[in-house]
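In the two complexes below, subunit A is the common chain; its partner is subunit B in one and subunit C in the other.
Take a look at the complex of A and B:
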């Protein structure tokens, strides 16, 4: 049974007419959240602060292909009729640059402090199933029992997640094959299903109770539910790309000398865009930022990538000196290594690495080519 | 402990990189408290041959006088840091290396006989040992400050080698190659500028020189497929850092390409 059908069996949905969408923003604000949601900026859907329902990308469609992203505006009222943009939750939880700790010294003493981590309570509107799946993967890493990352935790705890079932997957999407969409699985606080004239609204967590009490919505009737179910089934069926099944992906580890790695290395820029837009990639580098006199300073963590030479440099030499071995590291770790580490593949089917690769390398095609023959 | 001694030297260049120091603001005042600035002609002090802990060198080596002078400066400096595209790769003026330099000289100057050109414009590292290179046209305050701190504190200096893309994505910029809004050299260009051009919706023109471990050939193919002629692609590499080996080779390869006639 699909995620949507399961939800429809177990939960009751309220109905919010499109003309009342502003009420949702107002309810979130009155509950104490600032709102962040999708807006078009610099030619792409980005998650930015917003206050008014007319700031949503009304009528916007995205066209995604390997190495290409375009938006257009059509004549309808839908606000979420697009798949995704270059980023969603990752920058909000795993900050691109984060001060982890600070030090200061005087003649007799050396002291260490943690920066204040008071993040504003934020409702993120428009979170997709793939985004929630990636969030769970990031949490498996950053919030692992006994190894909790306080900087990540502080940002995560400030978020209220308003999911929206994905009704318009892009040509680069393949979340149906990874089991992470297009409908929302779990992990949202509040969920929306967008229909032509309004929204089904679903409770996801107790955090949503205050918002739902303010909204006081009438129940959605059976016809609306049927329409939503059809829409979500169509969205799942529309996806063209597929990721091979997890067990087959483990076979990548037996193909470390496959000629396909040379083939992809000739095309790969080595730029690391795939890892920057990947919602589950979590690699970082740390550096000291001292004051000029060296008596105080900060330790800063920044997004890094397995595609840089520096990332694999140990004792002055890069362990993975060519693009072939760096691409291989990324793909085998993401698709196979994570299964051993975190119990599932690190790929959630969002297709961002395909769209935002400037040369349009398609990891589903690379994985398929590597697994096509039995020979290593 | 004796005070740290700093010198700032200029060779063939536009002086723009020295402005990264002059524009440091409060940090410049703080620096002046901590170090003796013994030579910095653009700012005042002149004592070119004084022994120093750190010599920052701007500009390319382009004349016989430059060749003689850079050796003297190396001899008097404990640490020598080349700053900017001219000092690290030869800069814009190294375009004459792949043209008729003598014709350019007589075409521009009224009395070219007073200029003692060397045949090839060269980076500082072609003539003396360089301890650290700061790329960029021009370099920025953050780079210069980081290098000053590292040398003054005696730690191994940071040497960013990765492409601009990661810095650009950390800053939340949208890829102009993928949205089709501008040609961008970012995937093969060294990080460090703070993705300035992308902040204005523009692509990168490679002023920070080649990144390491990237694929210039693949980017050239992408730009050509996107509508640039082979000559256009060559010119994207043969620009400010035309003389940097990775960009020189990439541009040369596109000039030699079959149909390398503007098709």
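Take a look at the complex of A and C:
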């Protein structure tokens, strides 16, 4: 049974006409959240602060192909009829730059302190099923029992997640095959299903109760539920790309010398775009930023990529000196290593790495080519 | 002690071991005086020098020593060069200890073979010290150590003292023995032909360059050592120490958290494979 069908069987939905979408924003604000939602900026859909319902990407469609992303505006009122932009939730939880600690020194003493980590309570509107799946993966990494990252935890705790079932997957999407979409799985606080004239509204957690009480929505009728079910089934069926099954992906570790690695290395620029847009990639580099007087300073963590030479460098020499071994590191870790480490593949089928790759490398095609033959 | 926030440590003593190898003897300092620092041999700390940065360095002193802990360091880069310039009384930051230690419980009552190369000796010297301080708990002890140049063979008096112990064999080699009659001129792997230790009840601990360890693993397997009885200390780029930053990925393992000491049986699929 699909995620949507399961939800429809166990939960009751309220109905919010599109003309009343501002009420949702107002309810979130009155509950204590600032709102972040999808807006078009620099030709792409991004999560940005917003106050008004007319700031949503009304009538916007996205067209994604390997190495290509374009938005256009059509004549309809839908706000969420697009797949995704380059960001997932990642920048909101695993910050691109984060001060881990600070030091101060004088003639006789040296002390270390953790910076204040007060983040405004934020409601993120428009979260996709793939984004929620990636969030669970990042939480498995950053919030593992006994190894909890305090900076990540502080950002995560400030979030209220308003998911929206994806009704218009892009050509690059394959979340149906990874089991992470297009409808929302678990992990949202509030979920929306967008229809032609309004939204089904679903409760996801107790955090949503205050918002739902303010909205006081009438129940959605059976006809609306049937239309939503058909829409989500079509969205799932529309996807053309597929990721091989997890068990097959483990076979990548038996193909470390496959000729396909040379083939992809000849195309890959090693730019790291894929790791920057990947919602589950978590690598970071740490650097010291001392003040000019040398008596205070910060240790800063920034996103890093396994496609850089420095990522594997020790004593001046990289472990992965060529793009072949760096691409192999990324793909085998993402699709196989994650399964051993975190219980599932690190890929959620969002397709961002395909879209934002400047040369259009498609990881589903690379995985399929590597697994096609038994050659080791 | 938080793995996310350094604590201050004071240099109690600085010992020059060779031209470019030095030991920093440290103690943690708290508002009310020195603090205890607990660790297991084989673990490492992230050592932070303000203005320079943070580096992963193994701990070489005895875990039962309450007054201080030691880091033996080779000056090979920006941070280690700056660490080399420190003096007693200076303070640095310490995060740790991180990683797994050597299998010291498993080795009780068994024979031990230690194979080291280069300054790879530093992480295992803590083990050697540990074994000899508790000599009765272990069977036969054999040590094979190789260095590039005779001048790199630090702690030579200790090796001489250990060699005089019962049930102990020590074989030393240098690529350039510089006329030292106590050193075999060649590699540590060539010392295996002098080894008189049977695999039956033994456990091997290896540390040093991976090419050396790969050759040693081949020798050990040929002599009947089981993969699970061979332990290696690996080194990778480490920045966080607790498996979060991703630099030390080794197949599905993090060297900083799942290692740095691994049983060969746990890493055989990737060990020696270029790019891992």
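Everything below uses one rule, namely that the second predicted complex is superposed on the first by the 376 of 376 C-alpha atoms of A that agree within 3 Å, B and C clash if a C-alpha of one lies under 4 Å from a C-alpha of the other, contacts with A are read in each partner's own complex, and residues count from 1 in each chain.
Note that in this section a contact is a pair of C-beta atoms (placed from the backbone, for glycine too) under 8 Å apart; a residue touches a chain by one contact, two chains touch by 3 or more.
Note that the coordinates shown come from a computational prediction; the quantities given were computed from them, not determined experimentally.
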_Quick one: is A:304 in contact with subunit B, with subunit C, with both, or with neither? Answer first, second, both or neither._
both
*subunit B versus subunit C as contact partner of A:253, first or second or both or neither*: second
*First (subunit B), second (subunit C), both or neither: which does A:294 touch?*
both
_Touched partner set for A:337, first subunit B, second subunit C, both or neither_ = second
*In the superposed arrangement, does A:68 touch subunit B (first), subunit C (second), both or neither?*
first
_Partner chain in contact with A:98 - subunit B first, subunit C second, else both or neither_ = neither
*Using the touch definition from the top, say if A:276 reaches subunit B (first), subunit C (second), both or neither.*
first
*Applying the touch criterion given at the start, work out whether A:131 contacts subunit B, subunit C, both or neither, answering first, second, both or neither.*
neither
*Is A:362 contacted by the first partner subunit B, the second partner subunit C, both or neither?*
neither
*asked:* Taking the stated contact definition, name every residue in subunit A that is touched by subunit B in one complex and by subunit C in the other, in rising order.
replied: 287, 290, 294, 304, 326
*What part of subunit A is in contact with subunit B in the complex they form?*
41-44, 46, 67-70, 86-87, 91, 96-97, 265-273, 276-277, 287, 290, 292-294, 302-305, 307-310, 318, 321-323, 326, 355-356, 358-359
*Across the complex, what residues on subunit C touch subunit A?*
4-8, 48, 50-54, 76-77, 91-93, 235-237, 239-240, 242-247, 249, 251-252, 257, 269, 273-276
*Residues of subunit B touching subunit A in the complex*: 27, 30-31, 34, 145, 148-149, 152-153, 158, 160-163, 165-166, 169-175, 177-181, 184, 186-188, 201, 212-215, 217-219, 221-222
*Which residues of subunit A touch subunit C in the complex?*
100-101, 103, 105, 109-114, 141-142, 147, 149-150, 253, 256, 282-288, 290, 294, 297, 299, 301, 304, 306, 311-316, 319-320, 324-326, 328-329, 333, 336-341
